[in-house]
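Chains: A, B, C and D, in written order; residue numbering restarts at 1 for each.
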Amino acid sequence: MDYGLQKLSEEKVFKDPVHRYIHVRDQVIWDLIATREFQRLRRIHQLGTTYLVFHGAEHSRFNHSLGVYEIVRRMIDDSFSGRPQWNDSERLVTLCAALLHDLGHGPFSHAFEKVFDLDHELFTQKILLGNTGVNEVLRRVAEDFPQKVADVIGKTYPDKLVVSLISSQIDADRMDYLQRDAYFTGVSYGHFDMERILRVMRPAEDQAVIKQSGMHAVEDYIMSRYQMYWQVYFHPVSRSAEVILVKILQRAKVLSEEGYTFKQEPVHFKSFFDKTYDLADYIALDEYILMTYFETWIREDDEILSDLCDRFVNRRLFQYIDFNPAKEYRKLGELDVLFRKAGIDPEYYLVVDSSSDLPYDFYRPGEEEERLPIHLLMRDGELRELSRESDIVDAISGKRRTDHKLYFPEDMLKEGKKKKVLRQQILSILNT
Amino acid sequence: MDYGLQKLSEEKVFKDPVHRYIHVRDQVIWDLIATREFQRLRRIHQLGTTYLVFHGAEHSRFNHSLGVYEIVRRMIDDSFSGRPQWNDSERLVTLCAALLHDLGHGPFSHAFEKVFDLDHELFTQKILLGNTGVNEVLRRVAEDFPQKVADVIGKTYPDKLVVSLISSQIDADRMDYLQRDAYFTGVSYGHFDMERILRVMRPAEDQAVIKQSGMHAVEDYIMSRYQMYWQVYFHPVSRSAEVILVKILQRAKVLSEEGYTFKQEPVHFKSFFDKTYDLADYIALDEYILMTYFETWIREDDEILSDLCDRFVNRRLFQYIDFNPAKEYRKLGELDVLFRKAGIDPEYYLVVDSSSDLPYDFYRPGEEEERLPIHLLMRDGELRELSRESDIVDAISGKRRTDHKLYFPEDMLKEGKKKKVLRQQILSILNT
Amino acid sequence: MDYGLQKLSEEKVFKDPVHRYIHVRDQVIWDLIATREFQRLRRIHQLGTTYLVFHGAEHSRFNHSLGVYEIVRRMIDDSFSGRPQWNDSERLVTLCAALLHDLGHGPFSHAFEKVFDLDHELFTQKILLGNTGVNEVLRRVAEDFPQKVADVIGKTYPDKLVVSLISSQIDADRMDYLQRDAYFTGVSYGHFDMERILRVMRPAEDQAVIKQSGMHAVEDYIMSRYQMYWQVYFHPVSRSAEVILVKILQRAKVLSEEGYTFKQEPVHFKSFFDKTYDLADYIALDEYILMTYFETWIREDDEILSDLCDRFVNRRLFQYIDFNPAKEYRKLGELDVLFRKAGIDPEYYLVVDSSSDLPYDFYRPGEEEERLPIHLLMRDGELRELSRESDIVDAISGKRRTDHKLYFPEDMLKEGKKKKVLRQQILSILNT
Amino acid sequence: MDYGLQKLSEEKVFKDPVHRYIHVRDQVIWDLIATREFQRLRRIHQLGTTYLVFHGAEHSRFNHSLGVYEIVRRMIDDSFSGRPQWNDSERLVTLCAALLHDLGHGPFSHAFEKVFDLDHELFTQKILLGNTGVNEVLRRVAEDFPQKVADVIGKTYPDKLVVSLISSQIDADRMDYLQRDAYFTGVSYGHFDMERILRVMRPAEDQAVIKQSGMHAVEDYIMSRYQMYWQVYFHPVSRSAEVILVKILQRAKVLSEEGYTFKQEPVHFKSFFDKTYDLADYIALDEYILMTYFETWIREDDEILSDLCDRFVNRRLFQYIDFNPAKEYRKLGELDVLFRKAGIDPEYYLVVDSSSDLPYDFYRPGEEEERLPIHLLMRDGELRELSRESDIVDAISGKRRTDHKLYFPEDMLKEGKKKKVLRQQILSILNT
């Protein structure tokens, strides 16, 4: 029998705290979950360093990937199946793309990509198409099947409806992570009526649309997303941990380039330092490996590397103040000088971090990132862009909000014995 | 001001998905949480290998330790404080013991202790009393304070009421883990009315007792515990992962003793192989370190070590069948011989694992582990042992239940190319 | 098109706090819900007087009936449909029976039936078969369809599997009320993993059975039921209100028989007093009508009727003590005499009430109420009775538990001015 | 001992599904709950006719009143007590006002007040100050205590902080009803982090304010309120039931004025028809009484009264269309004429209903209803009005949203046999 159509003899379920159960009936999905590349996602936190603020947020990308799959499965099987706008032959490629969309994430993705100038979406593509267990399973469906899945994730797939289920302003990815991250952090934001949204979701030509009667559920979803960004994802304390992480990787790179002799050689990082990495190098990495390095590097002779690793591993984070880079650049320059005088390298110990989010936007042609707006399906069959119907969404539409913080090691400034006056001076500048 | 009495200028809270918030007002508690030894608990899963079955169960012992602290804090501040049987000068030592009771757990505790013949309770004592950050904080309260905390955890503390809050058949430890593990796994067991139990809990001479009116809440708690043991803690698939883990460590030890040359030297394990470890060696271990070894050892030349590590890291677990060791030892002997013939070392690939639990027991003097029974406080002030009042508890009291499984690598038996007949024979024995 | 097969043009949903949504696609179900007889269930509390103890328990039988329907719908559509043991032509009759199984309940059912010697199951039958809106809808399906539905509810339907979904020791009725009553009272009992039970439920020849792997979920369900009985359904305070209710109805009947002239004539009750009621009289009753009488009767001249109504309406309930009728009948006789002497009629003011429950039982042929035991479907296809596999269920199987209370108006005894010594004497007997 | 300071010998609790437990320690509160006037609130639905749409919404004002009390108790005992801006001698009056703030609500309040031109707030005052059980309890505290409680509820109490806890844009009343109504309807809106809001609430001179760090929790609360208004409170179907209710009362009044002879005399309404009611008449009313009239009036000869009562009791509601009264008044005039021609009195059967809400507003002096804005307490001690800090609140601030619907009996128009053409014409106008 055609491998792509094979069903398990009995439906398998995974107990999931967010969706109660994840249901798997397709042999292909079952086999993909068992691959090494997919199992690797267990070793990467869904929310990077957030667990250092919300101690419950210790869940992995493995969790989230199953959740996205389950939501897409429900969209298709419960809401779309049997409707003329939905082509059921797209079912398997959509489910595979949902399950695998985060496959290329590396350890502490954000920081890692930033330092080594990588792109996890590119790695997702490479894993799908390269010499991997995932590719082997996908190829058993059809020779061009891996490419199809890659196209859906890369948003170049011809059927835009399929793409929209996984990448749009109201996709399964967001729906899962909002609920899941709310559940594990324990915050009371992040809840919205997904059951209702799934019930009122309809397949349309280029995207999934929402029946007008479900507008309020969508409003609620957008507000949940907004709250999660500012309450959880951009929490200044987890950004502090992230800043330190970036600095550790930068320092290790610099040391390596300068010919420093590590007690614990950065074997796994070498190819990233000199940009010679291949896919296998990337897949070999996870947060267990990175953390093991950080723990070991605490005993390195380089004081900066040792201190930063100690900070990260033992949660001795940087303090922060609100900071407006546009207006306060002079203050930053002044601090830079004083830090150097005090013997604290500002390159590693005085860091501006900015977070920014656009809660919702309608289509603005020509803009940097063209966003597909959410459309309501009116009673008369017409489609209307959400912000034209919803006062609340209209009110926040297109309004980007940005937050800047300046991070620094308050403990060093307070506890240091040498250059006390200088340190006092720095502290007083920071606290005004 | 006396350090032990110092309060934070403003109460701090941790958002907790189980108890909503963890409240900290004492400077000592705040300082303990910041120690390296306590932060290390973030790197040890609360439920070991269970996350390989229940993917949500990725939470750490750090989480649980905060939870136990919070429950004890509520017992004291909300239920006991002001009652004559409660001595408020015991408050701090009780809170510290609650927070620190799991401090000595190692990575994948159960398996690690089994192979290296260790005892995590002993290490908790050593961390409290040794040269550690925790000890330093505790000593600032009073010279003998670390010993006091150690005595509470070791159950030798003179005030038995204090001991019972942390170690008894209805203690804060169990109350937290049942709810927490239920929350993260997503199972519907594990819930009981803790609010009510806390409300009806009263301090008595030697233990916390429960007002008669709360008996049903306690019954429900005992049933929850029973269900969690058999549904979650003893799940045969996570035991399969645990079996493999034990075998990895045993194999590494054997190889080391035999002088095998590791590509990745087991530096962190050396002192455990030859029993020369000290406290620092132990604290240096966590699950990030162990997993890094396992990932690396997949590339070792020793086929058994390599295969077992691959199984653990990539979740290629052993299959199992029900097995009665008392009756089926002949079958086991026979299989042992056939495995050897087939070139599969039964030492590593044919393993009996037994799990056993006693849901509740009243006091049976002279027995192996004398358990403190739960007492009800009757309206007339008399204390009565729970099973004398509750039909349901009486029905299960003292009834130990045991489950035996025989684990083996079904894939090896099925997929192997050599000695096919032999393997078939083994499979047919296993499946009858 | 055949009316019994007609589907609504679009699925309708009811938002339900317990099952999230109730889904209706069949025209017949939709029409039944709209009938007067079904809407009447909104005016009857699901839990009678329990709302006087658990103030949240104000939900009606309308709620519960929808819930039972939804559970049966899920059993059929999600678990049974397509399996050879399930005959899909039984679908509609089963859904109708589920929806309508409580149709014949009267206001404060238990008390009302007791005083007037009625049986709500008989009235369910009469509503199904008599001149009613429900009958009219059912007859449109087929002439014999009302009788079929009546047979399922009356347990005489030939297909015993169908009967078992609604009436057995693990039926949709119990599964809904446990969860629903827990939700509205707010107690933490009553929860069990219904999702799992539905997943492991299988159609068999004479009943629905449970796959062995779901045994623990069933154990949990049985324990939930046990807890709900003793914590909620038999709560002594709501039984106090029930005792008063019974006494109000008895007093009104006696007064009517004695020719007492009511200020507010008991028009609605007349035919029940003299046993001349017909179906229309019965349907005309609900709790709004009864309560209106009780409120009005507070102003009657008869002191007993007036006092009892005031107690019920304004929640001035009787006190109670534990009482063993087998041993303490002498005490009761003595109190009876003293009450009379004190001018308090013991017929209305000294009442023994007994509650009794059997949590689970296997089949005991020849016993009063032969109960269908729960069967597990073992891996080899064999069926085994639950208590033979489950230690916990075995432990409580067949163990009836009974609770007796003696109710009396403590306020009258304490606050009365006349015969103070006598009243003191009564109080001291009651409190020993 | 001073009655106002008396504590119960042991804290009493009510199990509450929303707040888990309601805690009562004050004798005064305990005694108030036991009064007839407070118990009467059990017989008035919290959400009027909403239960006809959301079947779970059968909860009473009794429930809600306890909830408001509990929230205020927590504000005081957990957040305010001990802070200099809070005067603990205001505790009891605040708790009493919280508990009793809805005391004057009549049956189906909104409709009843509209038809008879009453004001429930005035009745709350009368119950507090008149010859009632509540007044008797309050007077035992102090002669002027009932007036004080009345002043808090009437917002004339000098301590504005006290007033703000019960009546402001973020008061205990709203906080309870949002959560409670969400719980009982089962909708997923209405949730917000009350725990956090209580934690960051601080007493200030004229009102309770919110620490800046809690801004997002307040945003979430305001959005919840917005959603509840449009999803639940203004649901067009429950407004349909409300329209019918108003028309029943109007019809009964007209009939009474016209000398119509009722089979069931409207004894309880008489004094409201002719405006001679006193407090006792008002208190005697509840929804059980009203519904009993409606059920009985179905058998009245007046066709309009009979039909409307049948509609309300048996949920045969009016249909509706969107309607813009400003633009479509001509259409309304035309329909009015056609209805008369068709023999359907438009006075009762063609009704425009408008709902309108202002989600949040800052202070606009001189406006109709001056609203106290929510203030944030900034880190530097300054107070800032919420919408100046929150983009989202700013976006919706002061934006009133209104919805108009036109209600009519579609069944009459479709099913009537006479004047078929005319009815067709009406239907076609309505549906364009």
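The rule is short, and it goes like this: a residue touches a chain if its C-beta (ideal position, glycine included) is under 8 Å from a C-beta of that chain, and two chains touch if they have at least 3 such contacts.
Each chain and its UniProt protein: A, B, C, D = HD domain-containing protein.
Since we're looking at a predicted model, the values are computed, not measured.
Farthest from subunit A (HD domain-containing protein) in terms of Cα centroid separation is C.
Comparing chain pairs B-D and B-C by the number of C-beta pairs in contact, the larger count belongs to B-C. One finds 52 Å separating the Cα centroids of subunit B (HD domain-containing protein) and subunit D (HD domain-containing protein).
In whole angstrom, the spacing between the mean C-alpha positions of subunit A (HD domain-containing protein) and subunit B (HD domain-containing protein) is 32.
If you average the CA atoms of subunit B (HD domain-containing protein) and of subunit C (HD domain-containing protein), the two centres end up 44 Å from each other.
The multi-chain contact residues of subunit C (HD domain-containing protein), meaning those touching 2 or more other chains, are 20, 187, 195. Taken in their complex, subunit C (HD domain-containing protein) has these residues touching subunit B (HD domain-containing protein): 187-189, 191-193, 195-196, 216, 219-220, 223, 226-227, 230-231, 391-392, 395-396, 399, 401.
Residue ranges on subunit C (HD domain-containing protein) touching subunit A (HD domain-containing protein), taken from their complex, read 13, 20-21, 195, 199. The residues of subunit B (HD domain-containing protein) lying in touch with subunit A (HD domain-containing protein) in their complex are 14-18, 20, 34, 36, 39, 42-43, 51, 54-56, 58-60, 62-63, 66, 183-187, 284, 286-289, 291-292, 295, 313-316.
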